[in-house]
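Chain naming follows the written order as A, B, C and D, and within any one chain the residues start at number 1.
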Amino acid sequence: MTDKKKKFLVPSITVLVMLIIILLAKVGVINNYYQTILMTICINVIMSASLNVVNGYMGEFSCGHGGFMAVGAYVSSILSLILFCPGNSITGHALLPPSMAIVAFPFIILIGGAASMVVSLLVAIPSFKTRDDYLAIITIATNFIITTAINNIPIVGGSRGLMGMKTTMSFMAKTVSLPWMLIWGFVFAALTVVVIHRVMHSTLGMGISAIRYDEISAEIMSVNTNSMKLLAFTFSSGLAGVAGGLFAHMLGFINPSSFGIMKSTESLVMVYLGGMGSLSGSVISAFIFTILLELLRPAQILKWVIIPLMLILIMQFRPEGFMGPRELTQVFPRLKNLFAPNRNLIRPIAKPTEVRK
Amino acid sequence: MSKETLLEIKHLTHRFGGLQALTDINVNLKKGEIAGLIGPNGAGKTTVFNLVSGFYVPSEGDIIFKGTRMNGLKPHVIASLQVGRTFQNIRLWSDMTVLENICISQHYHLGYGVGSALFKNKKYRENEKKIHDEAWQLLERFNLADSALDYPKNLPYGIQRRVEIARALSLQPELLLLDEPAAGLSTSDLSDLITYIKWIHDTFGVTIWMIEHQMQVIMSLCDSIQVVDFGKEIARGTPEDIQKNPAVIKAYLGNEEIS
Amino acid sequence: MFSYFVQNLINALQWGSFYSMIALGYCLVYGVLRLINFAHGDIFMTSCYIAFFVITGVTAHFTGITGIPLFVITLVVTMGLTALLGVGIERVAYRPLRKKGANRLYVVITALMIGFILENGNLALLGASSRRFPDILPKVIWNLGPSITITNLKVLVIISAFVVFAILQFIVQKTTLGMSMRAISYDKFAIPLMGIPVNTVITFTFALGSALAAIAGILFGMSYQVMDPYMGMIIGWKAFIAAVVGGIGDIRGAFLGGFMLGIIEIFVTAFLPSSYKDLISFVILLVILTFKPTGFFGVAKSTKI
Amino acid sequence: MKKILVLGLALAAIGLCSCAKKTQVIKIGFNIPLTGDSPKVGEGSKFSGDLVLNAINAEGGLDVKGTKYKLEFVYVDNELKADSAIQAAYKLIDQDKVLACLGPDGSRRAIPAGQVYNDESTPMISPWATNPNVTLDRPYVFRACFLDPFQAPVAAKFAKEQFACTNVAIIYNLEDDYSKTLAELFKEAWEKDQGGKVTVYESFGQKDQDFSVQLTKVMDSDAELLYLPCYYNHVALITSQAKDLGWSKPVMGSDAWGSADLVNLSKGAVIGDYFTTHYAAAGAVGKTKEFIDAYKAAYGYTPDDVAALSYDAINLLLKAIQEAGLTGNLEKDREAVKDALGKISDYEGVTGKMTFTPDGDPIKDAVVVKISDSGEFTFVRSLQP
């Protein structure tokens, strides 16, 4: 198989699988229960992968991811209420016709992401000066601040929460009868993975990893560490915001307490379970973690004893998480054959003139 | 060899809190020369380098490189002005491949932004190719291409030194600061190192300023030498003058390497 | 107005004492291992339950032991048991990871997990209903002037916070173990050369930290009397924040930070709409951190090039 | 690639635990918090559920139009989380194929979950979600308790008549929608209907343990009554701390006070206080007494409101099923049950007589109870606003 073809192999397979699943969902083989689980998986993939940019690739310790999720969730929810929910609490009437829902939805989500990007400056700017544990508490504090702030904004319902986002979803289903929530979940999860992969594997993004291994020499070697940090934080928070938007529209109801320290902790666990700086690790751990939670639901209270125990054991045997800093293709080199090789990594044949012997 | 000034340091003084680290250091590096900065441990040699590479902001005095004043510029800016340096204790990104190490050091002329990286547009592809080609070429010239995809932490110490120097050169510097390149090398490797540095100097036409304790290295490489002790300059001149200079001998008293 | 201020000052001091005592525990462990021991808040919670069972046990078997002696017995026994718990956790969960040279953040995550286990294990064992902490010391309420009241418990809490701090300061500054603790926080690798077994020091640290949590736990139980498995969680997180703002790694910092957070929280609630408590108090902390990026007593680690 | 693999595993894994039986069984789902901050709530519902289950299955099952059906209750934990409640709902509806559901307890879970039940057209009845939005425009969603807009005015009215005071202090839980709503509604009712004054209006956080500041404010003001519309674990802390600060005036509360633990936790600080609730355990007679005795016998403590309301909710469901009859076609049956439930009127529950409005809210009296010196919740009077 030529490299040209290979380039499309994995993406097309993934898309195919997603299409099959969506089809099955449409005909009802995959019922709502499985659909919500798949949705949750998608959201968790976004959460863990995005947090991995800061906590994994850059090696900082940010514990406030839930807060940024909240921002995205609220902004996108408010938008979709204003645009599509008749008799909403803000404008009182819908600004757009229901048929527009499908077109507008991705933008609603993305704007939510953009909003949490802006808020993430709260963390990014101090991060220039302070490091690891000081940054850790700045993020925790930010999380507290965001949730308390929302609690005090009556227009979005405060602790009473915000609802009505489901109307947007139902409008989509009315226009074209498909399991839209699932579709958007897949779309954004896939996008997240692609985007993070591209950025982190470009020479630009590698600057972020350079900070993790040695910030000083990075700076000395012409890497603008401040802008790298800015990039990492805004980037990861933005994606968290996207996850929040999806979360809000999946539930159709959000309130601040859904985005507390617990949410952040979950994302943290997923990142370190998967392995710092390993994208495939984050994805895998998101899958495993979500499914574990669901399977152990019958265990009731014991669930929250069993899961931590399992995690502790896993860490005892794999002190770097599932993947460590490696990707799946590095753990199983065979998989490399599925992807087109990066030509830049192949040693050029033409040798320069004067070579040091 | 032209005689124009490349780096000029005037009345450089630096304090850490109350501690006076450097007092009135003056330097004048000519383009293309190999200069040495020597002195007993803790004399403040590395501090000078840190000031030049922008890691500290000098308390007083000016650092002028190619006519531009560099005081208070951020290190990455200074790097992009083509000042490369190595470190006393090797500071490679030991968990990234040698190739990546070289590529990342070309951040100063990436030529594309996040947007291009996201969409992998033409601009991105071309620049990535350019960066990698340059990197490969550099590695070839340093005869490091075989270990291009290895992790530095798995390479022998001597090779790591070379990689670090190669990385510094990937900034295409006009001025290269070498902080004790011989540190950790056995005396048998020294002559090798000397020819190595000579080779770099000739092939890359780079001005080299080095801190070194191994007098053998200094004496056989440097056109001019400057001696500091307790943050003050105590002597400067050609290797020959320095060897005879009583002040230097006094500073190094009991240090046999000198003669 | 004045009385209102004074009353709130008393409240703040009491509330701050708890933050301080917990923050000190965080700080000790952090100083030695650079490990954020997120399980600490739950160790505090567990100690409260341990005390509960100690008291019920003692009163059941030896009638007549009440008041001060009961308090002392409970204090000693609980501190002992909690110290064991802390050391046990370190042995089982943290040390193996350290041996394997795992990234310290993995140890932090393990600490989080331990926290979960303590919380929910407790819930699973003891059931859902929150319990009442038995009265050990008879409560006395003094009225100092118009609408200023203070209970003997509040006094006890505040005093013991200061005493604990004094003792800790002495241990860290004067005793060999204390010095070696500080030494480790400077250079982990040089210590073995100096002939101090690192693990002994670490064990001691965890024992000490947990014992502190136990003191806090007992006093907390005595003052608020309602125990539930999740009571340690948030107070733990906040205490950690307090410790950092104070300058983590330095016990003076932790002590100060604890009181500072207590006072900020109480006075924000007292003079501003209480619904903004967390918002405002955390913003204040962030502002402090932006001006003093390493906290009050924290020293910036100067990286040698 | 990896995605496919793991996904496959995932579906297989979950597939294992899904199993549909086709016997003479009526499945009813419980979407309740068995873990999370206040698992006591879920416990109450679960115990009541078991009580009914055992009683009926002992007689060979529920008699629906002549045929006996065995009951099967599926308890699913919603961790007191909104998202988890939704997944639990889907699990019960699509996975366990339940006929009807005893919905999430608190409004925070019941509002989003109710949406799901309505979309999936499965009848749900929430024991004590008091927020109006729960049943609003949702034909399939019912509740067994009165609403906040009903409870608050009742409390205000009673307070006025009982204590004849004008100045009231309110302390509520900012992070709990239930508490916040009640506080606001009471404030409104007190100032508008009763012409009183709210001198202190303070809040606290879910995890707070120290209320000395809020109480200091109360002491500092000239409030004659303290209204605490919050959960019993907070009430216990607040009342006992109020005592320490020297508060001797009356305290009034809401239905969330109704827990067996309250008196013990508050160390009797609540003795002599009043609160509005759904039923009074002490001095109960007839059906209510039977229930209380049975519950006590089984689990060793007096059932609290959740338990009682859940008990009623279940029985309402069963009654509806009996009246609707079963065809075996799940969709049809669910709809039939919904309709039957809506028609129920003058049902004598342990928490009083109730009749459903078209919205699916019961019309019933609120009960005011006094906490007697022996710590019992004694009936004072039942009233409408």
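As a convention for this text, contacts are C-beta pairs under 8 Å (C-beta built on N, C-alpha and C of every residue); 3 or more make two chains touch, one makes a residue touch a chain.
No experiment lies behind these values; they were computed from the predicted model shown.
**Q** Name whichever of A-C and C-D has more C-beta pairs touching across its two chains.
**A** When the contacts at C-D and A-C are counted, A-C has more.
**Q** Which chain is the middle one, judged by CA centres?
**A** It is chain A that sits nearest the middle.
**Q** Nearest whole angstrom, what separates the Cα centre of chain B from the Cα centre of chain D?
**A** About 73 Å separates the centre of chain B from that of chain D.
**Q** CA centre of chain A versus CA centre of chain C: separation in Å?
**A** That gives a centre separation of 34 Å.
**Q** From the C-alpha centre of chain A to that of chain B, how far is it in Å?
**A** Taking the mean C-alpha position of each chain, the two centres sit 41 Å apart.
**Q** Spell out, as numbers or ranges, the residues of chain B touching 2 or more other chains.
**A** Each of 55, 87, 91 in chain B touches at least two other chains.
**Q** I need the residues of chain C touching at least two other chains; which ones are they?
**A** If we look for residues of chain C contacting two or more partner chains, we find 120, 123, 233-234, 275, 277-278, 305.
**Q** Would you give the residues of chain A that are in contact with at least 2 other chains, written as numbers and ranges?
**A** 151, 216, 301, 303-304
**Q** In the complex formed with chain A, which residues of chain D make contact?
**A** Chain D residues touching chain A: 1-4, 6-7, 9-11, 13-14, 17, 34-35, 39, 76-77, 81-83, 86-88, 90-91, 93-95, 108, 111-112, 115-116, 119-120, 131, 133, 174-177, 180-181, 206.
**Q** Quick check on the complex: what are the chain A residues that touch chain D?
**A** Touching chain D: residues 10, 13-14, 17, 21, 30-38, 40-41, 151, 158-161, 163, 166, 247, 250-258, 280, 283-284, 287-288, 291, 294-295, 297-298, 300-301, 303-304, 328, 335, 338 of chain A.
**Q** Of all residues in chain D, which touch chain C in the complex?
**A** Residues of chain D touching chain C: 35, 37-40, 42-43, 174, 202-205, 207, 209-210, 212-214, 216-217, 219-220, 233, 236-237, 240-241, 244-246, 260-261, 264-265, 267.
**Q** Would you tell me which residues of chain A are touching chain B in their complex?
**A** 195, 198-199, 202-207, 209-210, 213-214, 216-225, 231, 235, 325, 343-345, 347-348, 351-352, 354-357
**Q** Can you check the complex and tell me which residues of chain C touch chain D?
**A** 3-4, 7-8, 10-11, 14-15, 120, 123, 127-132, 135, 139, 141, 143, 147, 149, 151, 220, 224-226, 228, 230-231, 233-235, 266, 269-270, 273-275, 277-278
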